[in-house]
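Please go over the structures that come below.
Each of the next two complexes has chain A plus one more chain, namely chain B in the first and chain C in the second.
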Partner chain A sequence: MTRVRSDDAALLEVDDLRVHVATPEGELRAVDGLSLRIGRGEVLGLVGESGCGKSLAALALLDLVPPPARRVGGRIALGGVDLAAGAGRALRAARGRRIALVFQDAAASLTPTLRVGEQLVEAAAIGGASVRDAAARARALLERVGLGGERVFGAWPHQLSGGQRQRALLAMALLGEPAVLVADEPTTALDVTTQASVLALLRELQRERGLAVLFITHDLAVAAALCQRIAVMYAGRVVEEAPTEALFAGARHPYASALLACSAPLDGPRLARLPSIPGAPPRRFGPAVGCAFAPRCPDAQRRCVAEDPPWVALGASHAARCVLALGAGDAGGRRG
Partner chain B sequence: MSIAAPAVGGLARLRRDPSALAGAALLAAVAAACTLGPLLLGLDPETTAPAARHTPPGAAHWFGTDALGRDLLARVLVGGRTSLAVGLAATAVSVAIGTLYGAIAGYYAGRVDELMMRIVDFLYGVPYMFLVILVMLLFSDTARGEPLPVFVALGLVQWLTMARIVRGQVLALREREFVLAARVAGASDARILLRHLLPNALGPIVVYGTLTVPGVILLESFLSFLGLGVSLSWGQLVADGVAVVNPVRSPWWLLAFPSGFLAATLLALNFVGDALRDAFDPRAVG
Partner chain C sequence: MALPRRNQIAGPRASPADPTSPARAAAAQAAPLLAVRGLRVAYGAVRALDGIDLDVARGELLGLVGESGSGKSTFVRALAGLVRAEAGSARFDGVELLGLARRDWRPLRRRLQLVFQDPGTSLDPTLRVGASVAEPLEIHRLLPRPERAARVAALLRRVGLDPALGSRRPHELSGGERQRVGLARALALEPELLLLDEPVSALDVSVQAQVLNLLADLRAAQGFAAVLVAHQLGVVRHLADRVAVLFAGRLAEDAPTDALFAAPLHPYTRALLAAAPRARPGAPPAAGREAPPAPTGCAFRLRCPLADARCEGEVPELLETAPGRRVACHRVEEGAAG
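Now for the complex of A and B:
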């Protein structure tokens, strides 16, 4: 098994993560063997369309998958220690302290009946700090995210703007001094200018704290601006993973290249019509073989349906899960 | 802190609400009159005066007298003590049990919720008067006519609706993202329930709680009518007043004063309840 990794000292290692959803039609394999590596101080983008399982994967990292979905398998190791073993107790203990999560909708993520300051102090106090310490740290972090002063500390969540709420949420996530920050579409609900300033803040905080960030988004442009590496997810699996430049220069998986073709280039010529991928993302039930993208793939071959596609190494840290990539590289160990 | 915080801003808003102010003032006046009035005026509700029976309101007896010549003002005020105490105490019992029960059922959901709410459904199916009588009989004969069994009995009957309301609120709130966010921060179940969920359900709890007070006061008067209540209360006085009303020469004051006090108090409670609901909801600041 050759691991397609440049850095073997990964901080967060996710192997074969599986989340199934019980539906009337059967077990839906929402996250179907997801594997990821994030190094210390690295920003990994997890990109995919709606329903590809990226948010469920994020929740699974904290053992927060809501029923009827449940985490049915996988290894989630932080610093080499598997947190997923033992019914997820270690994952719950790591919540907020070692792995923090920022949601998309900041308005819904703040408790409406608690003042912003109170919520931060509470979050800090859960980490074991005394109330005075917690308050001092909450103030310092609010200051750091650009929300200094008593006005925000004593404000109700509904009195803040969308950008302010997202900043407050970011401050809250950092209170426990986590090593890994999972950001689930943290800027999707914001307008473009606010989005840019929140992203800039996120990048600053990431650099200054050496945070490992799993940045989940459906927006390739945002991912490109922030992430060193990007993993493209389709139907619960990573189909291609590459350094950002390498992916944009030459995506090898048909889905990844189709996704790239679908996003409007900012500096390129204006397209008459934005291309789209025909068909809809599949819902995979029960044991299924073959490439999940095959039904929508323009270059699908017979063996795409007959067997699971191999995980093909294409470069130092570039790999794709596709038979078409086989000619270029050599088949590596199949991850999950 | 969480509950106190909205109330601080809320009190300022409460002061700008004329109907709430009037309601609160009226409640305070009634409560003060009931607790201090009989002492200050030197009146006794049980002193009979056969010669002065059915005296209309006047200088000697401001509210008139009843069939035994007892001073009605004294009886209304002392009866008010019982009614208010029964209303508040039984509501407190019902809010405490109902909130805790409903919150646990709603928070844990699934089978826990299923079982807990079926118990509530079952108790709903039992005629409440039967339950009340059962509880009253559990107390010894010596305690009959005392307020305590009535508090307990009414509280035990009233919590069912409160449990359903709180359960529904918590069930809806637990799906909200801020609960997930609190869990991400590492908050325990108890903390999530007490700090994040219940304060958000406070509006309905307060509103239904204030509606419970008049409901309980009325229920107590019904019990009094059956001879199971407390011996002297507004409900009892109204029942007595109704009994003597006739078209020819009616001692109208026997009905008018107790029911007037009862109605005014219930109305004031509703005003205050409405204002409290607004005050506890920080989103209502505008």
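Now for the complex of A and C:
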């Protein structure tokens, strides 16, 4: 394990994370230099559309990237200690204990042939606890997530509703008392009413345990409900990162602002047309230069395709990867 | 609750009058394109739809919302003849759809088309997409063969696709492109009614906006009516003229779209709107009570903050509270849900 320059406030630091996928068309750069910081007790939203690399990034944090994808580079530090060095051994050791993961598909994450209570007791016993202690901890956590009582403890996973399964999964993730919870679209498969209660539970658990959460979603509205900061991802990279308020008040990357504008609102005037983004997200193979969003960007300039866009600081923990975000002093540089 | 019987809803359009008579034309204008009464569907012991009465006017877009298990997809599937109805009636321009024999569907397929959530699975994977779009034209022998190719190209252009894409197979297209092909195929026969079952749910939000704009444009140009099933309330609000809210196989409420979103009446509609996340900070969704639908009385009562003894004992009837607005709630009826 190597100790590199470290941000004191950050609990989880991800630097230049790269995940490539071997495909018939070549080496797909699914995660292409992702950097993130999450502080203790902070919820960071990682938002992007399908194929942007957000789920592979989550899996990389737990050394769970499935072939033909593989982590090809990057630093993943917890409390200043790089876990990514040494072929992922340290990441695997941290998995479930210091970093835990909750998936979208709770049904697939629970073993179908084990009763819910048994699975939790088994998971609790992995840390070396006695069966009796493990059972007590499992029951206490189930109780905490709103699944107390014998009915759920003795139930098979298929007998639970989608919301109950997601709650059980949260309880299981918290058994190891992790410092960091990675939640990948945990409420996407749920009805909105159930989603609201699972989000409320997640917020409570996060606060009472001081959990750092990386919340991955395609839905900016869901991210707004839960996250203090949001990182918007496009083609394997973060294109804008800001406190939630600042992002909604004034996103600076054209992709981030278009994404904010293009979902149909639930209140306010009904729009005749929705702002939309032409085209579809790219898949980037091999070495590529320039901004990945340039082909869809209404404001793209010659230099957007000629050079990699700069990461421009815009204020307190607000930054965007775009030449347009450069200050007015650089306006002369905006060549057509 | 007394459900109207089939013979009670035979409207003027069922009269055998001369089809060119002005009286019949006027009646056809006023009569709904689709009139559903007492529709019931059961999957084994599970009652998916428990007596639905709904009309769709010519050119109207009706949105159907509700959580999974509410019966919203079953509703369009029953209308399309994909699931068997247990009871009730669904008249499309006077023709009874329920229990229709396969050969009798054929002339109706031209007029009523279904669009699914995932065009990746509803398009034939072995056919080039141009051939998929041409297929309905062939089946209905609508155009002489030499004119079909031009028509397919025009249809692809109408849904915003380069006609050159017609030579590709479905897996070579993006999700958004496939859904455009699905729409081109559905519109090939210029239907009067489109049944849209979660047409944009599988698409990314930026692509959803493109397809929603396209649907709005096509409707403005062609004037078809539609039933739109969607779990995303914003999508329904954006496109629908009227919205029906389903809970546990029954209609909780229906209303013109603006009225429903501005002032929802049924406690379930209120819970649904409160739980939907808003795309702005500082407005967290409100979590309500979680409970399965109640087996007796009002199905929503175990989650309802207003439920009382009457809700336990008596199924609320769908009552008109204002023109075009209906709600099934004892407490609203009593004025308690102010």
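Miscellaneous remarks
Heads up, the rule we're going with is that the second predicted complex is superposed on the first by the 316 of 336 C-alpha atoms of A that agree within 3 Å, B and C clash if a C-alpha of one lies under 4 Å from a C-alpha of the other, contacts with A are read in each partner's own complex, and residues count from 1 in each chain.
Here is the rule we go by: a contact is a pair of C-beta atoms (placed from the backbone, for glycine too) under 8 Å apart; a residue touches a chain by one contact, two chains touch by 3 or more.
Since this is a predicted model, take the numbers as computed values, not measurements.
The superposition on chain A brings chain B alongside chain C with room for both.
Look at A:301: by the touch rule set out above, it reaches neither chain B nor chain C. Of the two partner chains placed by superposition, only chain C is touched by A:221; chain B is not.
After overlaying the two complexes on the shared chain, residue contacts for A:244 are found with chain C alone; chain B is out of touch. Contacts of A:23 after superposition: neither chain B nor chain C is touched. Centred on chain A, the angle reaching out to chain B and chain C in the chain A superposition, using CA centres, is 80 degrees in steps of 10. With both structures placed on the common chain, the touch criterion links A:130 to neither chain B nor chain C.
A simple residue count on chain A separates chain B from chain C, and the partner touching more is C.
Superposing the two structures on chain A brings chain B to within 12 Å of chain C, judged by their nearest Cα atoms. If you check the complex, the residues on chain A that touch chain C are 49-50, 161-163, 191-197, 199-200, 203, 218-222, 224-226, 244-245, 248, 258-260, 262-267, 270-278, 280-281. Residues of chain A that touch chain B in their complex: 62, 64, 66, 92, 95-97, 100-101, 103, 105, 108-115, 118, 122-123, 126-127, 156, 158, 169, 172-173, 175-176. Interface residues of chain C facing chain A in the complex, by the touch rule stated above, are 67-68, 174, 176, 204-210, 212-213, 216, 231-235, 237-238, 257-258, 261, 271-288, 290, 292. Residues 1-2, 5-6, 176-178, 180-187, 191, 195-196, 199-200, 202, 282-283, 285 of chain B touch chain A in their complex.
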